[in-house]
Amino acid sequence: MNFTDLTLEELEDYRPDLPEPGGLDAFWNSTIAEARAAGGEVVRTPLDGPIAELVIEDLVFPGFAGDPVRGWVIRPKDAAPRAAVVQFIGYGGGRGLPGEHLGWASAGYVHVVMDTRGQGSGWGGGGGTADPHGSGPAAAGYLTRGIESPETYYYRRVYTDAVRLLDAVAAFPEVDASRIAVTGVSQGGGISIAAAALSSHVAAVMPDVPFLCDFPRSTTRTPLPPFTEVTKYLSVHRDRVADVLATLSYFDGAVLASRISAPALFSVALMDDVVLPSSVFAAYHRLASTDREIEVYAHNGHEGGGPFQWLRQTSWLADRFGAPLA
Amino acid sequence: MNFTDLTLEELEDYRPDLPEPGGLDAFWNSTIAEARAAGGEVVRTPLDGPIAELVIEDLVFPGFAGDPVRGWVIRPKDAAPRAAVVQFIGYGGGRGLPGEHLGWASAGYVHVVMDTRGQGSGWGGGGGTADPHGSGPAAAGYLTRGIESPETYYYRRVYTDAVRLLDAVAAFPEVDASRIAVTGVSQGGGISIAAAALSSHVAAVMPDVPFLCDFPRSTTRTPLPPFTEVTKYLSVHRDRVADVLATLSYFDGAVLASRISAPALFSVALMDDVVLPSSVFAAYHRLASTDREIEVYAHNGHEGGGPFQWLRQTSWLADRFGAPLA
Amino acid sequence: MNFTDLTLEELEDYRPDLPEPGGLDAFWNSTIAEARAAGGEVVRTPLDGPIAELVIEDLVFPGFAGDPVRGWVIRPKDAAPRAAVVQFIGYGGGRGLPGEHLGWASAGYVHVVMDTRGQGSGWGGGGGTADPHGSGPAAAGYLTRGIESPETYYYRRVYTDAVRLLDAVAAFPEVDASRIAVTGVSQGGGISIAAAALSSHVAAVMPDVPFLCDFPRSTTRTPLPPFTEVTKYLSVHRDRVADVLATLSYFDGAVLASRISAPALFSVALMDDVVLPSSVFAAYHRLASTDREIEVYAHNGHEGGGPFQWLRQTSWLADRFGAPLA
Amino acid sequence: MNFTDLTLEELEDYRPDLPEPGGLDAFWNSTIAEARAAGGEVVRTPLDGPIAELVIEDLVFPGFAGDPVRGWVIRPKDAAPRAAVVQFIGYGGGRGLPGEHLGWASAGYVHVVMDTRGQGSGWGGGGGTADPHGSGPAAAGYLTRGIESPETYYYRRVYTDAVRLLDAVAAFPEVDASRIAVTGVSQGGGISIAAAALSSHVAAVMPDVPFLCDFPRSTTRTPLPPFTEVTKYLSVHRDRVADVLATLSYFDGAVLASRISAPALFSVALMDDVVLPSSVFAAYHRLASTDREIEVYAHNGHEGGGPFQWLRQTSWLADRFGAPLA
Amino acid sequence: MNFTDLTLEELEDYRPDLPEPGGLDAFWNSTIAEARAAGGEVVRTPLDGPIAELVIEDLVFPGFAGDPVRGWVIRPKDAAPRAAVVQFIGYGGGRGLPGEHLGWASAGYVHVVMDTRGQGSGWGGGGGTADPHGSGPAAAGYLTRGIESPETYYYRRVYTDAVRLLDAVAAFPEVDASRIAVTGVSQGGGISIAAAALSSHVAAVMPDVPFLCDFPRSTTRTPLPPFTEVTKYLSVHRDRVADVLATLSYFDGAVLASRISAPALFSVALMDDVVLPSSVFAAYHRLASTDREIEVYAHNGHEGGGPFQWLRQTSWLADRFGAPLA
Amino acid sequence: MNFTDLTLEELEDYRPDLPEPGGLDAFWNSTIAEARAAGGEVVRTPLDGPIAELVIEDLVFPGFAGDPVRGWVIRPKDAAPRAAVVQFIGYGGGRGLPGEHLGWASAGYVHVVMDTRGQGSGWGGGGGTADPHGSGPAAAGYLTRGIESPETYYYRRVYTDAVRLLDAVAAFPEVDASRIAVTGVSQGGGISIAAAALSSHVAAVMPDVPFLCDFPRSTTRTPLPPFTEVTKYLSVHRDRVADVLATLSYFDGAVLASRISAPALFSVALMDDVVLPSSVFAAYHRLASTDREIEVYAHNGHEGGGPFQWLRQTSWLADRFGAPLA
């Protein structure tokens, strides 16, 4: 329980040189266009479980390559259009069981939780989405799967799933498509940043201790996994450092942040040994958003602000969106 | 991630010799009578927070010695009498922030969460209840505070708080006093057992990986804290072993279990290194309840069944209580 | 540095009840037949590196589904038919760089090293073989990829690669096809057992501290990864225990060992905390081989006998095969 | 075993901005006046144990609120007035058993050892002093007990005990009241600093690797407990950072040091991961003492100079006090 | 903090089969005779340090091969013959600085502390005795030095030093040679056992958590160093297991204990992870002493009884020796 | 898996002030002259093992004081003079078993491996060389043996062994004495540097992650053993810091590097926690060699470049030496 990175003063000045890879927008435009072209059906099935005061629906939507991706929709019982919050999950986790995510819906929002393909088996209530794409030689974990090129990289599929989920949510009759926020903790924060950069449906972005930013620094200075998966890979493939960093630059939240102009509320923890605070500030400082704030938790590790930050988010979002049911 | 204790076959036969201390019932009867005599007011204050679909109230009730103890009441918006679930919290935690406990109320129950006096500062959203009683020399933590006698022992105050909370809840107009269940994980499970043994208001008990059972074994064979606080205390006070075990016998869930005849649903994890499975079975086997079940999670540590067990509980409780709103 | 399991006396009697899954032989027969039907080319390319006293060739051969799998052939300079040793690699490793495997060829054998698909990025000189097949939700690592069924399980592909490599090696003009041994350490030992059970080309099997045996015990009692990947998966997917153990039974070295009648030299280490000695004995005791020996290293962990065992193997193999160049 | 903090050159310049809280002197003056007003008896009872060459007495004296606090008096057999050394104990320990502290008395001093209220159960021979005051929600340990205000903070009681012990010792007929030194290791060093700042009876102060200094830095950069107890508390009570630091400023050895003008011999260890060297220098640099020295142990952790420093102290103290029996 | 070995009931029955090596007595008789023949001078030099109430002398005496070995003599100021306590030091430590050992002399005994040759650099105040004999290949530490034969083994020299120290002490004019006890913690306890077995001058033996007993079990089941040094050696020299155990049998306290008939007070700790309780009982059960006791500390690790056991020893020894100054 | 030291930019400027001790050259000249004067025989005995394609000989040569030191000679079968590579072994290891070192001979070189006296019992296949010289008080391990003076220091003997081995190898008829390279990993790298500084027979030096450089920094800032052995020694012998650093300066690779003018290929790993990169650069920057290169492995720990670096070395050496068989 120590500061793990630069001082707050230094963090406020931390703006690393992270050049954009050539063809960044083209890469993502064609990726998303292909996924949309692949089509697929959105299916929502109401659950018959113990939650009586809210509606919970099992969601299947078409993601990258049209692959079926699962999620939950949790919402108040009436069907009037409401503001929505789309949430992505931390590394290794899945959408969990119904009943694990009740806050946003209890607060009046349509809440959508996306399963992370191939994960959902490391903690919590689990996930149910396959990743039907193989990869080259990789270290244990997900961070080096397909790292041989941007085209094959695992997070190309995950980020595309997020964009496609936003396509689906914007079309829900119970959702006011002009008021969709994205959020998530750690990996979920990293995906939020990517989703806000790549989807036009995002009206607010609230990443907490977001993972997947500033790969050059994060893969050489972060004490704990999962950034270390890349380090381990490079400790073996000693001749692939430049290639790997080139691939990662297409997925770096600190690069993609420059594509975001929606209002943003970040959080960061100064004792975080999984996501270095500098990597969060690297992304925060690159935002194009003029309306942006960052909450600093000085004495926390990767758990960050937890329920304090959730209350902070509800208040911040209400200031921007008004009441969920307008 | 290994089995940490006996095999399941051995656990099913594990019935340690844990003699009742003399005057056990008298001790608790007079303790509770004194607390009731101390009186104090129950105050419920509705919160003005983001949760729009449920009612959340700040609760203050009189516990041991009439000391004010905090909690939350979370419930559906209407005021018709419903079945209630009273929950106690794991070691080091507190009642948390509003919005952290939404499951039982979303499922239609009146849900009451009790803060643990003096704790609430080790993880999560924190607590807000003082323990205004000092102690003799103690090891860091709560397990050896006042361990010099049953009268001064810390958990005398905590268990009494639980009994007094049940007195209060049974009197809530929104609660059907004949259908109150107690539950909790780890320390919360241990307090549930004590509450079920000591309060006549408990109609069902659902402890998960309950702590505070079978002290003689637990304090010599458990790898991780907090049972080790007692071990550390005895490693210093080498001449107090018999005294300490005598004090603890008044608070041992495996001793108190014989006073429980309500329906019981336990859960236990075979890879638990914080609460040994044997200590859970020691309590389970001493129940006077004829309606009892125990869910065994073979591959889990102290996290136990998590959301799986919560779904299991909702189903088991519905079988016994019917719909929350009868 | 302690004994990690039963005593040697107990190990010599350890014969767990590991029932064969229905259709075991049919499953493997059809799997291998399909792979053979998929065809593909064997390509050997001599390397132009620093090793002047031996020949080293880059090998590509068709494995499961005809997928290209890499390896090395290392051999004396002449082309007369020799006995061969086919080696599989430990978990996370790859075939490495040329020059990492010189022992068997220096001893006069044709030595063939198989890359493990998808791995080769965790330690050593790395690997170069993709695993172009996706999977359902999985824990980090390789042990739970595709674990939803025997058909989709990762090791179905790996074991088939091994069988197909033996098909290829038996056809090398420099190899005496009647004298092919398989060997490997840890995962490499587990694949050796599978190869000996599933390929008719194996005339001797020499697994060291073999992994992938006796899954029911190994996944509940092994202190260190990678068996714990399965444990972690089951700690999340608490409802899939029976299914997962059913899938694994098709790949359990202790089940497959009953299909082996070739001479066998095992090694086991009594302080192994990665592969429990009991799991090795479980396989050893199920061998159909009448000519079998097991070398016990009492004071070693997972490193096992190391160079002592290699010298032991050269001597044992010479007793069975005669000089490599007959 | 590494340097854990700034270089020695940087340490010699380290003078953090630690503002004095308002009313610091008034706070302590009234605290001590109240304790003195509470009165209470000093009782010394000779022990009948194995130590034949020295006198050992059980001591009870009135501390904060007049609470009885225990200690030992160890001294040569004759009763002529001698210089005295008053020692405070490290975190978690107690006064121990008679026979654990023989050095200073064997060297001719009257040696007095103070038990630390509520502690004495974490290591060593134990303690016997209760802390009969409760607290608000706190983390495990003693550092956050009563941290809600200076008035309720645990160390207010401990520091006052120390001042009241000095009142008692100065009145011992066997003590030359003009030659009383205070000393202690770690927490004992921190209490020594406080005692020297708050009691007029202290003629020399010898803290070793003193704890409880420079809370702002220590609670964010110290690797190991117990400073981390505050960190943990603030990781939960994320909204109380300013309040907590304000409370701690009344007890910070680096603030109180400015009230010390007695000769001072400090020691510090550059590999200390429990008490950062910078926090020791922060206190040392704020001393008003003109006669001061600091011994630097470059290759030691929190064990510091151990017996080397004790010999150093005996020599340094003899230079200032002359022979114990003047 | 767990039990680390058998239950107390099992320990009371634990009598391993540890055969005596051939020529055990002859080996030691000739070893000691050679050391006595090598001669050498005993030199005692009074120290001029801070300890005024006792006499402290620097001791040099001839040990194995007449090599000079250092120690301290600490005693009351008068020179009348007294009972003596000879103490040996734990692994890695040395005699320390003057002032570190004051208990036995303060209790009226002549106390002699022996430095351990070649050690004295791992903790505490250090040692000052060389071991001028080399060794074959060895693991880090002292336990495998010279392990190639009993003649060359390191502890042959150490045990002989102890016997020669007893020769010297028995001749001190201030010592009553009929009342000499040996004691020590851990390695010091192991040397005590050896000294009591090999020297006729020992009238009482008080080993605490003695090391160096029951090598076959201890080198395969002890979690922590230093027994693991032997394990590590054997993990490399896989072909030397029988030889090494044969060498060690000449030095095993559980073998040598059968040569002890003096009164004995042992202590053992059931949570000891450095010296397994079984190994202590193995030695205790082989004592020829009819007057023997063992103090069991159930909740302690290798620190054992600490100051409690010292008080126990002073009482036990007084019962056998009477007052130190008869 | 983090950077463990300065940034690469800082490393490239890191030139610590490490003064040469007085009489450095005289010390080594007389040391080597004495060893040569002690004489002794070089014995090579061909092995009769499994390696058929190369010649392996058991080597005994006279080292420091003429003590017999073992090694292996591994070479192609013909006897024509070839370039030679002399390799030294990492800390705790030995020459191992025949068959462990086949790379350089397979590449056409005469390869000579030196056993490290007294070690060879910590990992791998072991060693067989005694160190028949005792030492003063020392910490566990080899780094503080004889540290009381340069004359008695353990590495005086080891470095002299290396020089004497080069004397022997230069006289082998199968070796072209003008083309001898030295190499080794970690301690083997440190000995390589010393050998290149002290022997005129070295025509190229290739140390990998070399140990034993820049003792003042390494003994205060390296996280892991074995540099910490010195730290531990100084944590006890707190009064010997200057003496110890004076002794070590005679053996510091960063001091000795100034005596090297042969072509040099270093390697260093930026995540090394056993040998800090700064200590490697300290030596590299002091080389007198004009032909020098350093390979930087950014993502590796102490394993460094492994097989990548070996391929790099074969290519670099061929550029300087031409084909092994000229």
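Residue numbering begins at 1 within each chain, and the chains themselves are lettered A, B, C, D, E and F in the order written.
Just so it is clear, contacts are C-beta pairs under 8 Å (C-beta built on N, C-alpha and C of every residue); 3 or more make two chains touch, one makes a residue touch a chain.
If you're wondering where the values come from, they're calculated on a predicted model, not measured in any experiment.
Shared contact partners of chain B and chain D, listed by label, are A, E.
More than half of the contact pairs of B-D, counted by residue number, reappear in one of C-F, C-E or E-F; that pair is E-F. Centre to centre, using the average C-alpha position, chain A and chain B are separated by 37 Å. Once the centre of each chain is set as its mean CA position, chain A and chain D turn out to be 50 Å apart. Inter-chain spacing, taken between the CA centroids of chain A and chain C, is 39 Å.
Annotation for chain A: residues 124-125, 232, 308 touch two or more other chains. The touch graph of these protein chains has some other shape, matching none of line, ring, star or complete.
Contact annotation for chain pairs lists A-B, A-C, A-D, A-F, B-C, B-D, B-E, C-E, C-F, D-E, D-F, E-F, with touch applied as defined. Residues 92, 94, 118-142, 144, 226, 232-233, 236-237 of chain A touch chain C in their complex. Considering their complex, residues 1-3, 270-271, 297-301, 303, 305, 308 of chain F touch chain A.
Against chain E, in their complex, chain B makes its touches with residues 219-223, 228, 231-232, 234-235, 238-239, 241. By the touch criterion stated above, chain F contacts chain C in their complex at residues 49-54, 76, 96-97, 99-100, 102-103, 105-108, 124-125, 306-308, 310-311, 314-315, 318, 324.
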